[in-house]
Amino acid sequence: MKLAQLAHLARAELVGSGEVEISAITDLARAHAGALVMVSDHQDLAAAEASPAAALLVAGAAAPTTKPFLRSENLRAAFARVLSAFAPVGRGPGEIHSTAVIAPDAGIGRDVLLGPFVVVGEGAAIGARTTVHAGTTIGPRVQIGADCLLYPHVTIYADCVLGDRVTIHSGTVIGSDGFGYAMEDGVHLKIPHIGRVVIEDDVEIGANAAVDRATLGETHIGRGTKIDNLVQVAHNVVIGEGTLVVSQVGISGSVTIGDGVVLAGQAGVVDHKRIGAGARVLARAGVTKDVPDGATVSGFPARDHREEVRAMASVRRLPDLAERVAAIEAKLAGRSRRQGARKRRG
Amino acid sequence: MKLAQLAHLARAELVGSGEVEISAITDLARAHAGALVMVSDHQDLAAAEASPAAALLVAGAAAPTTKPFLRSENLRAAFARVLSAFAPVGRGPGEIHSTAVIAPDAGIGRDVLLGPFVVVGEGAAIGARTTVHAGTTIGPRVQIGADCLLYPHVTIYADCVLGDRVTIHSGTVIGSDGFGYAMEDGVHLKIPHIGRVVIEDDVEIGANAAVDRATLGETHIGRGTKIDNLVQVAHNVVIGEGTLVVSQVGISGSVTIGDGVVLAGQAGVVDHKRIGAGARVLARAGVTKDVPDGATVSGFPARDHREEVRAMASVRRLPDLAERVAAIEAKLAGRSRRQGARKRRG
Amino acid sequence: MKLAQLAHLARAELVGSGEVEISAITDLARAHAGALVMVSDHQDLAAAEASPAAALLVAGAAAPTTKPFLRSENLRAAFARVLSAFAPVGRGPGEIHSTAVIAPDAGIGRDVLLGPFVVVGEGAAIGARTTVHAGTTIGPRVQIGADCLLYPHVTIYADCVLGDRVTIHSGTVIGSDGFGYAMEDGVHLKIPHIGRVVIEDDVEIGANAAVDRATLGETHIGRGTKIDNLVQVAHNVVIGEGTLVVSQVGISGSVTIGDGVVLAGQAGVVDHKRIGAGARVLARAGVTKDVPDGATVSGFPARDHREEVRAMASVRRLPDLAERVAAIEAKLAGRSRRQGARKRRG
């Protein structure tokens, strides 16, 4: 691909010859002739210029002098766009593998690809150009939109709904029963879960995550939200739009999460809590009460991040504080002794 | 379904007309004509009465005036029972899908349902009326009881045993090798795991959980215990009856857990520890020593919950305590200076 | 098997008759005639001698007097070796199940076993004597070495590479996309992941783990490293040789981990950090900065373990410290009052 084409694709400014042929995107360590290398850290610029790379992709302020380059105010977005030109095509032309088991009344859109051993249940519908890879199971009455990508071994339970351009990675389970029981005569009586999961357009969910169906109504994941591997989304949870949920986060039942929230790795949220729009829940925070819009919280129980930092700093100085208290006590004890001695002498 | 039938099913008291036809169970927000709505929070009663719902399900003390209602001392149990009337039937009549691969010597009970691409290994036995959904793999010599429900993509390794009425959700793995190695000449030598997993009657396990087989003997999960999504149960663990293990809990090797225990979300237990009957391990607690029967523990390392609460309150007041110590020091320093001055003047 | 044969296999010293026939390895509680029982805790020796076991396996110092025994300086290694004699054979002779779907250009080595519903993508290669169990999906151009063991329902995405003698348990996903997005006009734009995962010889990965492919280049797991169930390995992570990663650990993007490291259960590592060779990250530690070679760290944020222990001890004594400070304040207040009274009297 010519550098000029990549500039257009990346919505980036081209400086130098657009005729340079780019055969790969690599990191600096693997740069070779023909490679386009992104320089995200300004300190790497000299090394990048000295490398055999054919061209560089740089942020707004940088100006390489020895190689043609692409420059963008939004370096990561430009990087995402040029990478898409080199991503292996995830699918061939629409094709239904002969081993797929499809209910007679299922609706399969134009140019849908179903891999080997895919199962499509009764009354299910799959939109145009959606790809369903090997061994994925789509339950009865599931509705899947257009241009979705389901990797191998995904399970979608009955009645769940996926919008358009939804991507789900392998091993992820959508629509399993929520963890709800009623105690009766010393036995945990199962609360049937007759709700469903609704996932809006442009959502991506990583590998081996679990999203439980609602007891009634729906567990809901808003448009453009991205969920990482091994995340737990419990029954009745509602997640807004454009939210990021990082790996191993656990979201308990009936939690409501606003738009544009970030839940960092291994965080947890207690049931029925509300996390406001734009909030940031830092890594491993344990949310036990509502988080206001735009707040940044950390710690367990999670609280305002600055407070938490201050408290953690105090904890770090605690051995020192304990020594100071002991010193005061010694001083006062010494003084008491001296005063006692004075009194006795007195 | 008539309200009187639901009253009978729910073991609830019927007040008002039992002839009302109920077409759905909904939450208050989705109430419509024909709906039965559970009112679990007394504050919602007025709104529920004003809603279009046909009838209400209320707890012992409540007494709606405008609609017929069901009343129960055990609201959640009554709710579970009425819901079961509206849960989609999880299976059709017993049927072995033509694509299932069944070892010739496997024993398949009456009215068993095996979905597409199910594999049943040599010498395995499946009890009457058990349902095994698409793509689930049952290893050699596995024994599964009657009326079990295995969702798609469950894996049961060789020699494991499931009782009756066991439910396992998608992606869960039963019987993988424990994480055990011996260090020899700088290399981790694998300790083969020749034990198995035994799961008693009425156990339910969520999605994408993992239960490792024992090194020798068995990993054991007692009757009526319920395990949530993404839980780790390591080799040689023994869990009692009627215990609840919430999502993302990790239970290390050779831990023993009593009857009626609750392990809340993201808790962890160090290997070889014992958690006594009726104990409660609160969310994210990290258990590093034995927990007595009936104890409630939290924190990491986990300890008596009241102590932990007290200690955490102290930590919250720590910046304040540090200021008070500084104030004392300043006061004493001032006094010393004054005394020094007095002495010098003296 | 005769005890003498097991002694040879275990590289252990034989004391007593090697002619004793051993039919099983059991723990002490299940010991029966014919059983070999390992005595790892010296306190169990008397009970082991009194048990019906045929022979014992003991550590270097022990010397049973009533039964023949095997003695080893490396008890766990000897135990691993004798167990291997009793482990069920994981596979039959090489056989390609008739339902497996194999791309015409895939390379299948000698004596490979492919179970039912296995999928092997275009251009993939599988080495001699490798076993791939039911329902496992191997993507296009994947290379798998010799003598590997893939349990049911493993997913290997396109282009990933596994060395020789690699074992992967059920549900694990190798090569899913990393969690990387660029924010553009308020939308999370996907960063395509065109790298791969490379897993070296003798690696074992547990059930339901996830190893993401690199953005560029490779996510790399070194020779002999062992990874437990439900572990997250993010994109671009590099793990050295002989490292142990225990269940539910989360390793963020671009983390580098040295040789011979131990990451204990539920630990987490923030992105781009480096953990030096031989380091020990204790259970549930949260690593937020680089860890030097050989260090032992704990807590969150993780720090030197001795410091953390000291700080945690201070926290435990904090309620007491607060009382002491209050006592000092009361004493000083009393003194001030007395001094005030003296002055007033003065």
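Remarks
Letters are used for the chains, namely A, B and C, taken in the order the chains are written, and counting of residues starts over at 1 for each.
Just so it is clear, contacts are C-beta pairs under 8 Å (C-beta built on N, C-alpha and C of every residue); 3 or more make two chains touch, one makes a residue touch a chain.
These numbers were taken from a predicted model, which means no experiment stands behind them.
Graph distance from chain B to chain C, where chains that touch are one step apart, equals 1.
In a homomeric contact, the two copies may use the same or different surfaces; for chain A and chain B, under half of the interface residue numbers are shared, pointing to different surfaces. Rounded to a whole number, the gap between the C-alpha centres of chain A and chain B is 24 angstrom.
Residue positions 99, 117, 135, 153, 171, 208, 230, 248, 266, 315, 318, 321, 325, 328, 332 of chain C each touch two or more of the other chains. For chain B in complex with chain C, the residues that touch the partner chain are 99, 101, 117, 119, 135, 137, 153, 155, 157-159, 171-173, 176-177, 179, 181-184, 186-194, 208-210, 212, 215-217, 230, 232, 234, 248, 250, 252, 266, 268, 270, 286, 300-301, 310-311, 314-315, 317-318, 321, 324-325, 328, 331-332. Residues 25-27, 29-30, 74, 76-77, 79-81, 83-84, 86-88, 97, 99, 115-117, 133-135, 151-153, 169-171, 202, 204, 206-208, 224, 226, 228-230, 242, 244, 246-248, 260, 265-266, 283-284, 312, 315-316, 318-319, 321-322, 325, 328-329, 332 of chain A are the ones touching chain C in the complex.
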